[in-house]
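These notes open a run of structures that come right after.
Paired with subunit B in one complex and with subunit C in the other, subunit A is shared by the two complexes that follow.
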Partner chain A sequence: MLVAHVRGHRIRAEELDEYARGSWLVRLDARAKLVGVLVFVVATALLTETRLVLASLALSVAFAAMSQVPPRHLAKAYLGALPFILVASASVFLFAGAERGVDMWARTSSCVLALLVLASGTETFDLFSGLRRLHVPAIMTTLLMLTYKFVLVMADEMARMTVARRARGFGGGRSLLDRRGLRLLSYTAGMVFVRSSDRADRTYEALKARGFDKEMRPMRATRVGALDGVFIAWFATSSALLLVMQLGVAG
Partner chain B sequence: MHIPDGLMDPTVALTGWIEFLVVAAVALYMVRGRTSEKDIPRIAVLAAGVFVAQMLNFPVGGGTTGHLVGGALMAIMVGPVVAIMGMTVILIIQALLFGDGGVTALGLNAVNMAIIAPLSGWGVYTLLKPILAKKGDARFGPGASLAVGVGAWASVFLAASACAAELAVSYAVSGGAYGIAATVSVPAMLGYHAVIGVGEAAITVGVITYLWNVSPGAFAREASTTAKPSGLRGVLHSRVAQATVAVLIAFALALPLYFMYSAQGEDGLETVMTENGVEEGSAVLTSPFSYGESYFAALFAGILGFLATALMALALLRVLRGRESTD
Partner chain C sequence: MKTVEVSGLSYSYEDGTVALKDVSISVEDGEKVAVVGPNGAGKSTLLHLLAGFRMPFTGTVAVAGVRLDEGTGDQVRRNIGLLFQDPDDQIFMPTVEEDVAFGPVNLGMDDVQGRVERALRSVGIEHLAKRRPHRLSYGMKKRVAIAGVLAMDPRVLLLDEPTSGLDPRSRAELVTVLRGIKRTMVIATHDLDAAAEVVDRAVVLNTSVAWQGSMAELVSAKDVLEGAGLEPPQTAKLFRRMAGMGYDVQTVPVTMDQAAAEFAAVIEREAGRRRDGPKGTGGGR
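Our next item is the complex of A and B:
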């Protein structure tokens, strides 16, 4: 079983997709999910009034609760992104006041949570297929799919090399002046590149055997149905309401 | 350096998206023309490699750690255009799947880490290598290593400078609703990343040296077998010209922010003069050039200033190198 640690998230290959399969969101068209959630994220990023930002956060939490994605998984994923959120919020909190700091935390958390539910409630390759069907260039979506696949494999390889380094007594170096430590770390990264280079050639041969021609085809081609319409309408309406109220406050 | 959703003022985020889309469209066009289908898994592996290398924390000191950005590393390995694509892919995966960096801020994150970092890193490396490395030396010697290190450091420092400027401009144009004040963001970001850049430089030099010794095929080969075009085309095809353009693009991307910020009021000196009732007198010497009020006038002035500074620096380095060899 492949276990990868990606930027603080412990991921079993296919783990994200397992969560997706347990959620009703998986039945929706990936395009509808992307459009709905992105509209909501953009609207939230435009909010500056505290109660509206908190309302947006409440909507995100409600979306997460209804999604049937395990709360524990969402909490872990949110904790992975929390350092970025906290650095931004704490800076604003310290230098622009408590209210602005809370606004920043709530606004950023609302967006992150909505995106994490989208990612967890959608099979990864379905998400990239959705981007392709929203006319993101083929070369970009193909690169996304292949890179994601390689990240899982290479992160696993990196984790094994880290264990090997620790077993030989290397604890991560002391400071930027620790030349031996930095050399060891860079050679580890270099080794990952070398080992994966052969894998790229093998992957190309395998892709070619399956008829690859510069573009990965979607695994399944879903159609936008009534449920998708309701999903988009819900996000569009709530986003529009928040923005209208924001404009009312600003006016 | 990943900017989350809701941190930046919407106009600043929109400016980032526009800049990103323009540069990404050009990069896509160039990549399509230059790559075969066999190259696509290679680019993906490289992007995944940099993604994974970003997980490798290096010690900064005092119990803190930093991590690689990787823009310069990828650009030096395969060229800036492929690096822009690869870094963009990394940022999209991080934003969509892991919540690292926002979707509305993806434009700005891409400008900082997928455009400015690779272009400036590769540009500085390419400009410095012929000066610092011994001519005809097939090895990856100390001169080339120094060029890689300076390029990697510059890539992180300039990307962090852009990020600090974006935070400051957001704060200024939104009246404090978004972003972080320049008095905080600029010294904090620049001070921290000046140190982090040293780690980036050390790791990048280490990885490049390792790959150069173990797997030289990992690097993009220059088309040395094809005849070089002559005249103006020859100049445009030269690595120095391309590297100069790369660095200029990195600087040009910051200009809209400069205008948004400067439009908010007086600069520090002007403020002090106003507060103390000092009025500006007539200049003893008047420059034939002016920054001007329009984007293109300022861009032109910036290009002239950059070229003058770069030429003086290159001349100085050549003089120093000549003196070193006679010693």
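Our next item is the complex of A and C:
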């Protein structure tokens, strides 16, 4: 379930990264994708003019459409993030008016959509490896990778225990009044943590047994090519244009 | 030359349960040894301890001449390839080849690509190099895990229940793979059929060492097998049954090759007895 929230919707753990396979985006160097998308996200966060915020959202939608990531997957992932976006937008709407509220929705949606396309169009390990090669401290990237692995471990345990529970006729816990059901669910959560902890220990020992020294290293180092340059240039130019127009409006 | 030397080893879990008591074992360079025993006998604990993952302990442990203590764990592990019982604990990277390369890359070894290719070839899965490990069958995952260990070129392989959870065909294929690996090997298992096909010697462990000897001797030691809750190999059971029926069984085979040879010899002896006369044709049949 936690994995599902990471990616914004419910999918089986083994299906993660599958969207990265079919997209041209996956062939780009992870560093180029990270730099391009993060520049765009920072620029979008600085926009205040409604027209420009909507233009940024349109660029994000165009990026999503060109990415070859299945729209259905992106829509589901976006729906997972929507409650958070709506809470932020609603609070701005109530205190600063409708226009600001729409700006907030469009701005956060634009950023979230671009980041979802980045995450869906890049294998997770490549993403963390790219961050490391952009000189993000090793302790952070390694923690991200281990967290990712252990989230999958927990998701597997949870899935197994859910099947075991259902196989023995359990269908409760759907109502807050079902105290027995809720008690059983709390036992399940406890067991998931205990089992995951044991498994996480074994996984860490397996890493240590193969020379792991707190830093994940990829087998091959990729290079930034011409297509990566085009990708960065496209985002950098779009972001610069939006910011220049914003400054023009403000001036 | 002894590659693994364990002397007077004792270890207790945090809750005080004694896992190993006064264990002494040595393994010669290139020798394949099975550590057999029932569930909870301490087999896995012994392997994890040899790899420096269980501290503190009393007694001495040395692998490839390096004595294990709090400060030498990494050094000892450089000489060890540990295969975990569940390959999902071990496989970490997004593709098979990247996972196999994980150890060599971490250890800064040269010719990583070559090592990966050789390791994959040695376990017969070179065609799976680009595949995602979590999509593979359990048997194939085991092979990926073994390749990941072999790519590090360790002096000693420690294999924890390598045949557990495998279907008969995968198990037979894995046994063939393990037979083909020319390296010092310690296999923790209760699968005597598989162990007999691979190892030279067996150590019966039940918290402490209950018995040591060849597989053939172990199969003949009924009281040891019963005491350790072990089942003899199917071939041994068959030939014991044949001996009980009056056939002239002279050795109890433990491997398929030995069984085939002994079976041919029994047929020949039976034919000879029939030629020589009606006496002694085995009244129990």
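Quick notes on this one:
In this section, the second predicted complex is superposed on the first by the 204 of 251 C-alpha atoms of A that agree within 3 Å, B and C clash if a C-alpha of one lies under 4 Å from a C-alpha of the other, contacts with A are read in each partner's own complex, and residues count from 1 in each chain.
Keep in mind that, in the parts below, a contact is a pair of C-beta atoms (placed from the backbone, for glycine too) under 8 Å apart; a residue touches a chain by one contact, two chains touch by 3 or more.
This is a predicted model, so every value here is computed, not measured.
Look at A:Y148: by the touch rule set out above, it reaches subunit B but stays clear of subunit C. In the superposition on chain A, A:R223 contacts neither subunit B nor subunit C. Of the two partner chains placed by the overlay, only subunit C lies in contact with A:E123; subunit B stays clear of it.
By the touch criterion defined above, A:D213 reaches both subunit B and subunit C. Once the two complexes are overlaid on the shared chain, A:A88 sits against subunit B while remaining clear of subunit C.
When both complexes are overlaid on chain A, the residue A:H135 reaches neither subunit B nor subunit C.
In the superposed model, A:R72 makes contact with neither subunit B nor subunit C. With both complexes placed on chain A, subunit A has more residues touched by B than by the other of subunit B and subunit C.
In the superposition on chain A, contact of A:R199 is made with both subunit B and subunit C. Comparing which residues of subunit A touch subunit B with which touch subunit C, the overlap comprises 124, 149, 199, 203, 207, 212-213. Those residues of subunit A lying in contact with subunit C across their complex are 13-14, 17, 123-126, 149, 156, 199, 202-203, 205-213, 217-219.
In the complex of the two chains, the subunit C residues touching subunit A come out as 48, 51, 53, 77-78, 80-82, 84, 86, 88-90, 92-94, 97-98, 101-103, 105-107, 112, 116, 132, 134-135, 148-149, 152. Subunit A contributes residues 5-7, 9, 16, 38, 41-42, 44-48, 77-78, 80-81, 84-85, 88, 91-92, 95-96, 100, 103-104, 107-108, 110-112, 115-116, 118-119, 124, 127, 137, 139-140, 142-144, 146-151, 153-155, 157-158, 172-179, 181-183, 185-194, 196-197, 199-201, 203-204, 207, 212-214 to its touches with subunit B in the complex.
On the side of subunit B, the complex with subunit A involves touching residues 2-7, 10, 13, 28, 31-32, 37-38, 40-49, 51-62, 65, 68, 85-86, 88-90, 92-104, 171, 174, 176-178, 180-181, 184-185, 188, 195, 198-199, 202-207, 209-211, 214-215, 217-218.
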